[in-house]
Amino acid sequence: MKHSKMTLSAETMNLGFVKKVEQLSGSSVRRCFQCGKCSAGCPMRSFMEHPPNRIVRLLQLGQFERVLAGRSIWYCASCETCTTRCPNKVDLAAIMDALRKLSWDAQGPSKESLVQLANRLFIDNIRTYGRQYEMRLAAVFNLKSGKLLKDFMLGPSLFTKGKLKVFHKKNRNIGEIERIFSRIEELRRKGEAT
Amino acid sequence: MTPAKNILNYSYYPGCSLHASAKEYDESTRGLFKALKIGLHEVPDWLCCGATPAHNVDELLSLSLCAKNLELSNQVDGDLAVACAACFSRLKVTQHRLAENEEKRHQVAYALDAPLALDKPVKHLLEILATDFGLDRLAAAVQKPLSGLKVACYYGCLLTRPPDVPELDDCEDPSIMERVIGATGAETVSWSHRMECCGANFTLSRPGVVLKLSGEILASAKRGGADCIMVACPLCHGNLDIRQKEIEEASGRHYGMPVFYMTQLLALAAGVSTSKLGFGSMMVSPVSLLKEKGLL
Amino acid sequence: MHTDKVKHDFEPKIVALVCTWCTYAGADLAGTSRMQYPPNVRVVKFPCTGRIDPVFILRAFQKGADGVLVSGCHPGDCHYMAGNFHARRRFAAFRKLLEFVGVDLSRLQFSWVSAAEGGKWVEMVTELTERVRQLGPLTEFRELELAEQWSGATLTTPELKEAYQAI
Amino acid sequence: MNKTARKYESAALADEGYWTSVSQAIRQEAVRLLEQGAVAGVVGYIAGRRTGTAMPVVAATPDQAKELIFSPACVNNLALYLTKAKKEVRAKGKLAIVAKGCDLRALAGLLGESQLKREDVYIIGIACAGVYGAHADRSQPLCDATIARKCRECTVREPTDTDLVAGTLPALPALEPLEAQELARLEAMTPQERWAFWKEHFSRCIRCLACRQICPFCFCEQCLCDRNRPQSVETTPRPAGNTAWHIVRAMHLAGRCGGCAECERVCPMDIPLNLLNRKMAKELKELYDYEAGLTPQEKGPLTEYKEDDDESFIK
Amino acid sequence: MSRIGVFVCHCGENISRTVDVEKVAAEAGRLFGVAYTCDYKYMCSDPGQNLLKKAVAEHKLEGIVVAACSPRMHEKTFRNAAKAAGVNPFLCEMANIREHCSWVHEDRDEATAKAIDIVTMMVERVKRNKKLQPITVPVTKKALIIGGGIAGIQSALDIADSGHQVVLVEREPSIGGHMAQLSETFPTLDCSQCIMTPKMVDVVNHPNITLHTYAEIEAVEGYIGNFQVKVRKKARSVDMAKCTGCGVCMAKCPQKKIPNSFDKNLGFRPAIYVPFPQAVPNTPVIDRENCTWFKTGKCGVCQKVCGPGAVDYTQEDEIVVEQVGAVVVATGFQLYDIGPKPAGSAIEGYGEFGYGTIPDVIDGLTFERLASASGPTGGKIVRPSDGAEPKSVVFVQCVGSRAREKGISYCSKICCMYTAKHTMLYKHKVHDGQAYVFFMDARTPGKGYDEFWRRSIEEEEAVYIRGMVSRLYQKGDKVVVMGSDVHIGVQVEIEADLVVLATAVQPREGADTLAQKLGISYDKYHFYSEAHAKLRPVECATAGIYLAGACQGPKDIPDTVSQASAAAAKVMTLFARNELEREPIVAKVNERFCVGCLACRKVCPYGAVEEKEIRDRSGNLIKVVAYVNPGVCGGCGTCQATCPSKSVELDGYTDEQIMAMIEAL
């Protein structure tokens, strides 16, 4: 797909998708003139198949499948370097958030599952406990990603250093937290939020 | 000098990490503020800010969680002091985004089932120390000058970025960490990777990323002639300290570079008992370095 | 540059044939910038390198110059548009001729020095002076100047020798 | 000057029939031109009084034209007679001229330098097998031993751009390029050796200026070297002035010389002057891909330029 | 015998610190011909100059050497002082013992010795200096403008408004040039004709402007201030004095199907025509190649219907001779044609774009005519093939430009902007259409230009694709565009309704021929060469000839108008004087010795050398020699270095002067 020929026409360019991204991110996509500064400073560039500037370029051409199919958006570290230095005030970090949201909602057209899994667990933790418990997060991640022994060597030392808590309790206001989650879901169901 | 504001009082949002992997950050922060006679009162029932994973896939959730925290913070007097760079960033971004976007404001208000109360000033510890408390007073409070200690101040991504949000310092050439630690007599080194990304939360999902990026940071600090690195973010600390041994193994280079939370060093200088600074929790032990410099 | 002045046994004479718009101005700039260079050079100003006849170079060597520097505007910068282009060809041919006749070309330097290149002027003069100093005085032309047409030694036949002696 | 022992072949390079046919063709055309009044005279050669010699002539009548010949003794470059230096010849009106390849190059040069208009001259080109060298034994036919050095490496035996070509070139063997060899020998020398070589030659120069007189390109009315305000070149025959003269002469001929080597032929002191001319021609060919040819050129290599000419010698 | 005065300046301490000025003066005094020497603290000061003047009077000095700073600093000062003292200024020279001596050396002995040498050289030179008189040339205060596009019009109006006479010569039947063909102009999108036609009318009504349309330059002779120009006025077949411009002839002409080149052949015109309705002058011409009368001798309708009897089939070309003092060349440009080129042309066409055979592939100027409200479609954008409204239009930039392969390595400069403009015009007229632009770089340096370009992308939603198009081909009624987006490294294919090529800007055909007539130089593309790329951008190297507009290089309207006004200002500067005075550093030919080989003419960068015939009293040609026109000579001296017999000499830099300096060593 990455190298296949692209036929451009009013039909093949999904400009509605681009509008959605612009709306979610609050940032213009067309402003970008491909100077490449975002990719030049991106710490994650070497891990991405589409460098950040190419993501924007694909958006300009309405090629959302190509964008979402890649791993690149999941390899963004949200370090905001691109947004900070963009000469055109394109908020690429926010565009990345928007793209991940759209990809997330579309239930994983991307092959990148590990980052998505970590995110999912992280958010689930918040819903369940109100706060983050790193031990639990790591353990469940390893369990679910099938990498049972990942960071196995780190565990004991972290434990002895008092960095991992085995026991954790739920927030007192866990009900209010659950309400936030469910009300957001409700908004989405009603189509009042994206 | 400035008679006003002699007594400072803050509400405190530690964030999840400071209750777990970054407990030494929490301990030393409390110790330091006590020594400086600055009031610090933890917000009851605070919840996770959502951090990167939440805004990565669900901005509305992220905004709502932070808005909830801001609401909760009103239970306690004083501006909201935040230690974790990521929490700080999320709280500030939330204030920012909701201020400029009415639609999102309505959505969040609905999610919280309460009118929004977002106005409490959110301040990072650095700002409190450098501006509210003042560098002069900080210098005056030093009991054990850190002279001779060469510190590489590491800002990471979120303390200063994006440019118009944290408003902590110049987003490309900040100096607030250097100024604060400089008040203790420590020597700060000039180095290249002060603001490069450490790999952040890929530590869980893609540790290889962290090994590469944090490795470059350690190498840069070494080149800069630093004895140690000072950070203000638990995630950065985790990547640079906890994963340092792995980085050394992967790169075949030895660093042995202690990574301090800023409050650990400040509290040390302010004469807080070393037992309360959590040096024992650090994976790369600072003991020999501090002894060598006559600080232990 | 010359704070530790060394007295040399041999001070070469260097003649510089320069155009007024670029190199002469470049030498002026070296002056206003107070750069230092060996005092061996004597400047002859021309409107353009295009005006510099190879005969002048020859004449300078004949009249005692140990080295000759010819310098003008960089190609494309000629005040007269094309003078230096013509000069470039003329000099390219002339130096080949001199070389063929047996003149050591390291005594003849061509350069482009613009009005902004005071430093390059200093470099050119210094380099040529030092190089010629190493080579020593240019004796070939001087010997010619002193030589007469006939000396008995070059006469090969007895008849000619006899005739020469009779004169 | 090459004194290395060499065995010269004395077999004739062209048979008698060739010389006769060339002479015939010249005569026939010259007579026709004069009879028709197309030209006022024909510059050509007639036989000298001694055998094996020839001399230039301006044939003004058909009868005189019947005397015209072409033989190995026809060494002179007749282009000389058309320059302003020989005004009395030009004054006669339109002329025809007999021209060997090397003479043709001189004619092309003169045309290019506005000394001659093509319509004022009728050119009878010669398919030329070569002529005698300066010290040739003229009792022998034109052969390896007697042919002029310039002819050994001639590249213009077949004339072009002429009004008529006289004769057909016989098949000629390749001859050893003595002049090129001598040039290579000199080039291989150190500068000191070359200086010594030329110093020896130039110091023998007696400044008779025959080289200048015979040269078709030395058509200046006032030679730079005769000037005394300023005196660019010392006029007395001392080594310094001689050296300057020969350098200036070579420089002035650079890019113009047609290679007829008349200067060298007439030099009473046997100075190898054509080597200088050959050298300059070679350099200009290498630098600017210029060669003196049979067709007049608008500009010579030293009166034109390209923006990207070599300047590796300039700092 | 000369009587030379040597004045050695201390320049405060600038010279005297390292040079023993007294010694220099004393040594100079020993030189043969030196009658007076002195040294003084500041020679350039008033007392210093007075000292010089006094010494000239007292010692009857005939030549002056001032040993001081660089002549570039004070030569003028001392030459004026010499002049005031009654010495020809060219007998005063400066010996540069400051910039070339005292400032660059530290050793006092060495610097002093060098200063003495420098003074000696200058003394020897001055002995041989000749008295020179400034050269004066009269100025004819009338300007010729070649080309009646916006450049020529602007120059003509500016010069005419300053009160000087102007002759404007235009090749076409009407002035207006390319600007009259444009629809709107960037970056403001105002209508081209709306701003152009008033200026055209101003030209024709201006009392100081003589307009020759349908005319060409035949020959130019002379030099700055004194040109003689022959203008060929082509036979119009209509008497301009009688014609009222009523247009009946055009309406009645039976021959109506002649493609109108003004409309890029999209529309038709009769054989008797004005190229466009707003033409100035509004007098028709008969296109004799297509007129039935001229082809067959039958018809004559226009003559019959013409009320004033202006149609005149017998008219012949007329040669008008104009005397002018300055020339502004404003011949403009033409667009590169992608079609196959006739044999012998250096520039190839575009086979990969179908050599111009695909009807819906047009050039930018054609698009202008389509978009123009006064154009053949009344401003409706349609496909030439079937008149349908194109829903997708692909614009391709850099066609021919920046393509060394095509022999054009330069950037045409205007295409980025006009293509952006085209996308906007298109979107304004076809709201549901999509514009695509293939570009290599977007070059938008100009006030408001980048913003304009960005607007086309951000607001008009033109899709810009970085990369050159590889090929165009017809597929049904579509043109398939094969391109690539180099940012993402993906091939792109678009089926377009219309393709607009931004073809390269080239000089007008025949630019070289005109240059030869004018004696000005041009580059390998035939753009005219300015005297200095940075500092003399509107002047030709040939004095008195100035350049305006795209004939000098691709240019947009604002730049063209600026240059046109600048050229006009140069002309007015020239016309502010009755006579031109110039430094007499010019070459002179010694006619006695010149043999007319004309090598000097071959190397002269100014074209100042001409042939001159020397005749005896009865008119017989004695010889042809070179002649240097002092009005044109720039004074470089390349001729002298080239002349074998030194029969041409540059005043002020004669061989004698230079040899004397070399020998003084």
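Annotations
Per-chain residue numbering starts at 1, and chain names A, B, C, D and E are given in the order in which the chains are listed.
To be clear about the criterion, contacts are C-beta pairs under 8 Å (C-beta built on N, C-alpha and C of every residue); 3 or more make two chains touch, one makes a residue touch a chain.
Because the structure is a prediction, the values reported are computed rather than measured.
If you take chain B and chain D together, no chain is in touch with both. With respect to chain A, maximal separation of chain centres occurs for D (centres as means of Cα atoms). Of all the chains, the one whose CA centre sits at the greatest distance from that of chain B is D.
Relative to the whole-protein C-alpha centroid, the nearest chain centroid is that of E.
Which two chains touch most often is answered by the contact tally, and the pair is A-B. If you average the CA atoms of chain A and of chain B, the two centres end up 23 Å from each other. If each chain is reduced to the centroid of its CA atoms, chain A and chain E end up 60 Å from each other. Separation between the centroids of chain B and chain E, computed from CA atoms only, is 66 Å. Here the spacing of chain A and chain C, counted between their Cα centres, is 74 Å.
With touch defined as above, chain B holds no residue shared between interfaces to two or more other chains. Contact with two or more other chains is made by residues 224, 232, 302-304 of chain D. Contacts with at least two other chains are made by residues 603, 642, 655, 659 of chain E. Pairwise, the chains that make contact are A-B, A-E, C-D, C-E, D-E. On chain C, the positions that touch chain E within their shared complex are 2-3, 5, 13, 15, 20, 24-25, 27-28, 30-32, 34-37, 39, 42-48, 50-54, 56, 59-60, 63-65, 78-83, 86-87, 90, 122. Residue ranges of chain A in contact with chain E, taken from their complex: 2-10, 13, 15, 28, 30-31, 33-34, 50, 53-54, 57-58, 60-61. By the touch criterion given at the top, residues 54-55, 58-59, 62, 75-76, 82, 85-86, 88-105, 109-112, 124, 140-141, 144-145, 147-149, 154 of chain C touch chain D in their complex.
On the chain B side of its complex with chain A, the touching residues are 16-17, 19-21, 23, 45-48, 50-61, 64-65, 68, 72, 97, 100-101, 107, 110-113, 157-158, 161-163, 171-172, 196-197, 199-202, 204-207, 209, 212-213, 242, 246, 280-283. If you check the complex, the residues on chain D that touch chain E are 84, 113-115, 219-224, 227, 229-232, 252, 298-300, 302-304.
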